[in-house]
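Listed below are the structures to be examined.
Next come two complexes built around chain A: one with chain B, the other with chain C.
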Partner chain A sequence: MRTSRTLGLVMIAPAAIMIFLFFLMPVMLTAIFAMTNMSTATGISGGAWQVTQGAINRLKTDMPELATGIAEPRFVIDEEGLAALEGLKLKAGFTTELRASHMGEVFPSRREAERVIKALKDRPSTREVKQISDLFNRSVLNTRFETRDDLMASLKKLGFTLTPAEQETVSKATYTGWVWTAENFRILANSPDMAQIFLNTAFYVSVTLLLFNVTYALFLAITTHYMPASTASVFRAIWLLPRITPVVIYVLLWKWLTWDSGFISMFMGQFGYPPKNYLLDSAYNAWFFVILINGFIGASMGMLVFSSAIKAIPQTQFHASEVDGASRWQQVRHIILPQLRWPILFVTCYQTLSLLASFNEILLSTRGGPGKATEVWSLAAFHTALNNYTGNLEYGLGAAMALVLVVVGIVLSLIYLRIFRYDTLISKPLIED
Partner chain B sequence: MTVLPILKSATLAAVLFASTAVFASAKDVTISVWSGGSGPNDNYRTDAFDIAADILEREAAIRGEQLNIIVQKTPYSGWEDFKQALTLAAEAKKAPNIVATGHEDIGPWAQAGLIVPVENFVDLDSWPISDIYPNLMEITSFNGAVYGIPQDAESRPMFFWKPYMKAIGYTDADIEALPAKVEKGEYTLKNVLEDAKKMQDKGLVQAGYGFYPRNSNGPDYWQFYTSFGGVMEEEGKLVFDKAAMKRTYQYFADLVKAGVTKKNHIGMPGDQWWKEVATGKAGIWHGGTWHYARLVNQEGLKNFFDNVQFTLIPAGEGGKANTLTHPLAYLLMAGHTDEETRIAADLIKIASEPRINALHAIKSAHLGISPSETKVDLYAGDRWASEATERLLPHANAMPNNADFGKYWTIMWKNLEASWTGAKTVDAAINDAETELKSTLGAAIIIR
Partner chain C sequence: MRILLDKFSKSFGSTKVIEDMELEVGSGEMLALLGPSGCGKSTTLFAVCGIHRPTSGRILFGDRDVTNLPSQERNVGVVFQSYALYPHMTVEENIGFPLMVKRVAAADIKKQVADIAALVHIADLLGRRPAQLSGGQQQRVALARALIRRPDVLLLDEPLANLDAKLRLEMRSEIRRLQKETGITAILVTHDQVEAMSMCDRIAIMKSGEIVQIATPSQMYNDPRTSFVASFLGNPPISFLKGRAEQGAFVLGENGLRLPLSALSGIPDGTSVSLGVRPEHFGTTGGIPIDGKVVFAETQGRENLYDVVLPDGSVLRSIQPVRDDVKMGDSVRWNLDSASAFVFAEDGRRL
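And now, the complex of A and B:
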């Protein structure tokens, strides 16, 4: 008994590892990202401490004295810098001349300090000029400190000794990286655009699912069931085409159909209508085609599942019902549909999740247009986190959007299981171990 | 017996040592260059580095060093994929050495530490950097440091199809005087709408083709905000001028209402847009100086100056005529050795020399980056470059370098598109934009 249990665990291990790596890990990472304000500007791998003009503006109200004290760049030729320069072991003439002719001089910008260094008789190279000017930098402005302590040490050198509370304020104002926050969810909850996108998604998923992925797929499966076998195979093969055609080409065919210079425009031109872009003409048009494009792909999957399920119904039931004089409709109603509950649950559940998460057909056809009319949640998450014209990638907000999708998916799955009474669909094994 | 092996190994060691010394002086350095938004006319954005590498290698040879530079070029034709690829590559520590991108990326990329200031590696007082227009150098600076070297300049004019302007009553002299009238504010965006309508009413162009704007998001739309009196940034803070933005949104909604611009214009296929503009299907449109190169080289518009007049973007209510320059800049990416970055910086410097930069400017119909470039024969002898430089560049604004500008832009565009297509009323779009700007940018933006 124990060995069979262990064997069971061993058998399930590969699947468990897969689930962990490709489902749980991404979901966990998404959840972690969602709790941050990560974006292009903050970077992913962490930040540094930098006294920028923006940081000084932020400090002006809380610590005006410090803010004005560190607001200007300052380069000073002093003993400390000269000693460091000697340590660099460059030409000795640099130190000698700087000490003799420029000791104590103060420059308000790096460029001006470098002009003096460049003019030294020994002619330092550009690289040396940069090395030397760094040694005389007596300000923290725009220097990137890799740790908070480095910044505080530099501030201390400049004569600013800060209390721990003040250090915290300065650290906050100068930190360039991401921080933990729940702000993303507040933005999602309050933005009218997000609400619109949510409604778009609900509309898109429910209409495509109801009309095509389930109802139309059932229709195809049942009609082909009553056809002669060879005709049925031809029909099923035709309906498989949208699924087996590469999606880019499939969507391109739709575009050829609907563009200004496409087939519909040419056809309507025969009746005197000016050409127009039927795909993007209005939100209604865009939705009409987006649902058709997705529905035609989705219908084929349901068709296959339902057809094979109908095939599995013993022929004797159909024969017996015919002897009893049942009509086609009665056969569908009393023989086929009751035995299709399990595949319908599967298709509904699977296709809901797949419609929620997939956006490639919409991205390729309307890109969410016109005017964000067909922007669905997953596409918006993609645009927010990874792909937009301004290059402002908001990883944190995008992850929060993705997380919402995960939660919605799980909740919907649970609801489906209840509606279809999953517990009655699986019978208990007759032999206990 | 013992001396010989010692001698042998000593000789061997000496030979090995000597050979490493030889190898050490022969350096192979790979410098990778990426560029965004680079079509077939923009090849010199990356090809310039082949020429620069050749010169730098020769300079090294004269100094007695053997330097061998391998330039890896990766041009991207669009922006979305380019920016995605670049930011993610940089986060994965696989950034190229040099990147040519829009100057507005400097803010966020500098904050994230993806780029290093170019002024840490080049002498700004040396030629040709010292010769570059100071306002362009200003545009590539952020937080008081020069982060990039301007790669090109451009401006974005309004274009008019001359035959249709004549057909609605303009004389040759009127058309000739149009740029000056626009500059003085005598010909405004209101006139653009009226003339577009006249062209359609006369049946010269089809409905929706009177005014034919850019078919996608772009910096161009900030020009209209400026035309209606808006400012993008003041003293380091972003500005959302509600009234000016409302007039901008309203203008595009009015264009659609008057039927001179298509409601579903945004998102139409780019190739179709170009073909239609080049063949006179559109009456008035706007674009960039580089459109000249594409219209003439790729779209087959041979007699450009006979068919097309160009002006600044006319003023609207409350603003002035303007244009926008969106210089690309060469930036140095972080994450490489000092040695490599220094070589990359030297290459950028050489690639910015007038004669080399003029190859890009003229081939792609961008504008030059320095006064001496305008004196290069190739540049001086080009009618488009000289006329566009003179007519447009003095009035050019640029988008601000601000780490938050991208967020502002995304929200501004989203709502412009929504009011354009009628998905939202203008008032609703403005209110939504305000709400979202407040919640995402907070104190970083002035709303008035």
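And now, the complex of A and C:
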């Protein structure tokens, strides 16, 4: 018996490896990315320290003094500047006097520095004053530092003596590379935009799933079951079309239908309505069509699964129930539906996950519009991480959104398994070991 | 309630299964449909209960024409050959199903199910599902489900095939008792002639879609209309001798046996005929002595069964009270009771 166990493990190994490579690895990578603030701006390798306007804004709340301080240009009379001044070969008196009477002085603004320079005994011209003051400009604004220590040294020169804690804050605020952070999840939890997208998704998934992928699919499967075989197969073939048409073409057909020069506009034109784009006309219409577009695809898949499951019910059970006096409806209710629990569970699970994860139909039809009316979670993740108008692709935030999808998917699946009492659906293996 | 099949025909596409069948089952009668596999027994039942619509002809329950009535409106109980239990329901729910769809109160259903389950001895299995039952238990569940709503007509498609010998005997009398008590008109399909003879008022023997003979068991046994009927009834089965008619007598072989039979008077000499002899009519008593050799001997407990080869090679079967003086290979001279033998024409017709 032990050998059969080992054999089982060996046989399952390829599948386990596949699961690890193609399911667990992507999820793990997504989880890792989700814990960073990677974006186009940070890049995905390391970064530098730079006092950008953004960094100053970030510092304003914690260290307002420092923030205003480094936001301004700063002028320091130092040996470095004096050496440069000598190099300009202006009057030697400038250097001597500055070194003698002003060495080490820090001026918070250009005006104050230039007042001192102007007051030099050798009387520099206005042009020279400007030239000289430039040499002593020690601003850090928009300067890029390759290391953290360079930044700190510069700040020190400017007269900011920082405690290690303050140094840490400044360093964080000015670092341009990506860092580990849980900020993404805070954004997801707190942003009203995200809440709206979440509600959109819940609405879209539950309505499409309930109305079309399960109920309408069941309706089709059951009605075709009671039809004569040839009619039923014609019917099924028609309902399969949305599934087998390439999605780009399928959505294009819908667009033809709904465009301002499309079929609906033409039809309504007969009654005097001006043509309009019915797809993007209002949020209500956009949802209507998005749900139809996805629902028809989902319904055909469900119809296939349910039809074959109904076919698998032995004919005599239908005979017996008729003889027992059951009406059509009672047959459906007591004979067909209970035996479709497994396929319904399967379709519900599968379709929930695919509705949650796939956004191609929406992207191709409404692009989430009008406005953000039909923006769903996966589409928003795509827009955030991979494709948006501002050009700053936020990989970290996008990954966090994707991770939320994975977690939601798993939680929902577990709930479904409970609701459908999965344990009663699987029978014990016939071969015992 | 009387059942009448009037010129009933059924074909599936181009295969004609049953043609112009006439069958009447009297009210409260139990009729056995007996016949070889594939002869159309189930098809007939399915037409009576409304699962199949007849291709032509009428079906009457009492005086009511039900030909085009759906099954639901016929009040027929059926035990299907394959049981057709609902796998997702417990035994209790299976049995209660006909009442449940009639919206009988749950408490009532529970009580009636308990009663009928006790009757067919499955009271302790009510909580199980069909997959957890043996074949015989499933069959009894099917029987209980057919009986629970007190149908006017009960159709049984080999209801006892899967039971052990003891249970089968018990159920035979149980079904018969139920049927008599309730006055249900019943049709029993079976392969088993003992079952047919012991349970039913009349037997209809079918052969490839036709009813060959319909009669009470004893009439059928003692007065078969064809060799097919004669061969179908009786266990151990009848044996046939092939010979010819000669001056009002049956002649076997060139210079062999000669049996004067009244049935053969008026039959032209030389006509090929066959003689059917039941095992109990060949043995120690009877008028005409026949020589042969025992080639097979078997004891069935109370009786012994012998196959005897005659000089011309044909075989006669004999059943006799147990005796141990005859063994395989012995030559014997036993007697044939020619008055009880049947003579059949070459086409199987009884003469």
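Keep this in mind: the second predicted complex is superposed on the first by the 302 of 433 C-alpha atoms of A that agree within 3 Å, B and C clash if a C-alpha of one lies under 4 Å from a C-alpha of the other, contacts with A are read in each partner's own complex, and residues count from 1 in each chain.
The criterion applied here is as follows: a residue touches a chain if its C-beta (ideal position, glycine included) is under 8 Å from a C-beta of that chain, and two chains touch if they have at least 3 such contacts.
This one's a predicted model, so the numbers in the text were calculated from it and none came from an experiment.
Judged by the touch definition given at the top, the superposed model places A:A320 against chain C, while chain B stays out of reach. Of the two partner chains, neither chain B nor chain C is touched by A:S413.
Residue contacts after overlaying the shared chain place A:T96 against neither chain B nor chain C.
Once the two complexes are laid over each other on the shared chain, residue contacts for A:N37 go to neither chain B nor chain C. A simple residue count on chain A separates chain B from chain C, and the partner touching more is B.
Applying the stated contact rule after C-alpha superposition, one finds that A:S171 touches neither chain B nor chain C. Of the two partner chains placed around the shared chain by superposition, chain B is the only one that A:V129 touches, whereas chain C remains out of contact.
With both structures placed on the common chain, the touch criterion links A:T181 to neither chain B nor chain C. Chain contact summary for the complex, chain C toward chain A: residues 46, 49-51, 70-72, 74-78, 80, 82, 84-89, 97-98, 100-102, 131, 145, 149. Put simply, chain A touches chain C in their complex at residues 314, 316-317, 319-327, 330, 334-335, 338-339, 427.
Residues 39-45, 47-48, 50, 52-54, 57, 73, 110-111, 114-115, 118, 126-127, 129-130, 141-142, 144, 176, 186-187, 190-193, 255, 259-261, 274, 276-277, 280-283, 366-367, 369-373, 386-394 of chain A are the ones that touch chain B when the two sit in their complex.
Interface of chain B with chain A (complex): residues 79-81, 83-84, 87, 91, 104-105, 107-109, 111-114, 119-126, 143-145, 206-207, 216-218, 236, 262-264, 266-269, 272, 342, 403-407, 409-410, 413-414, 417-418, 420-424, 432, 435-436, 439-440.
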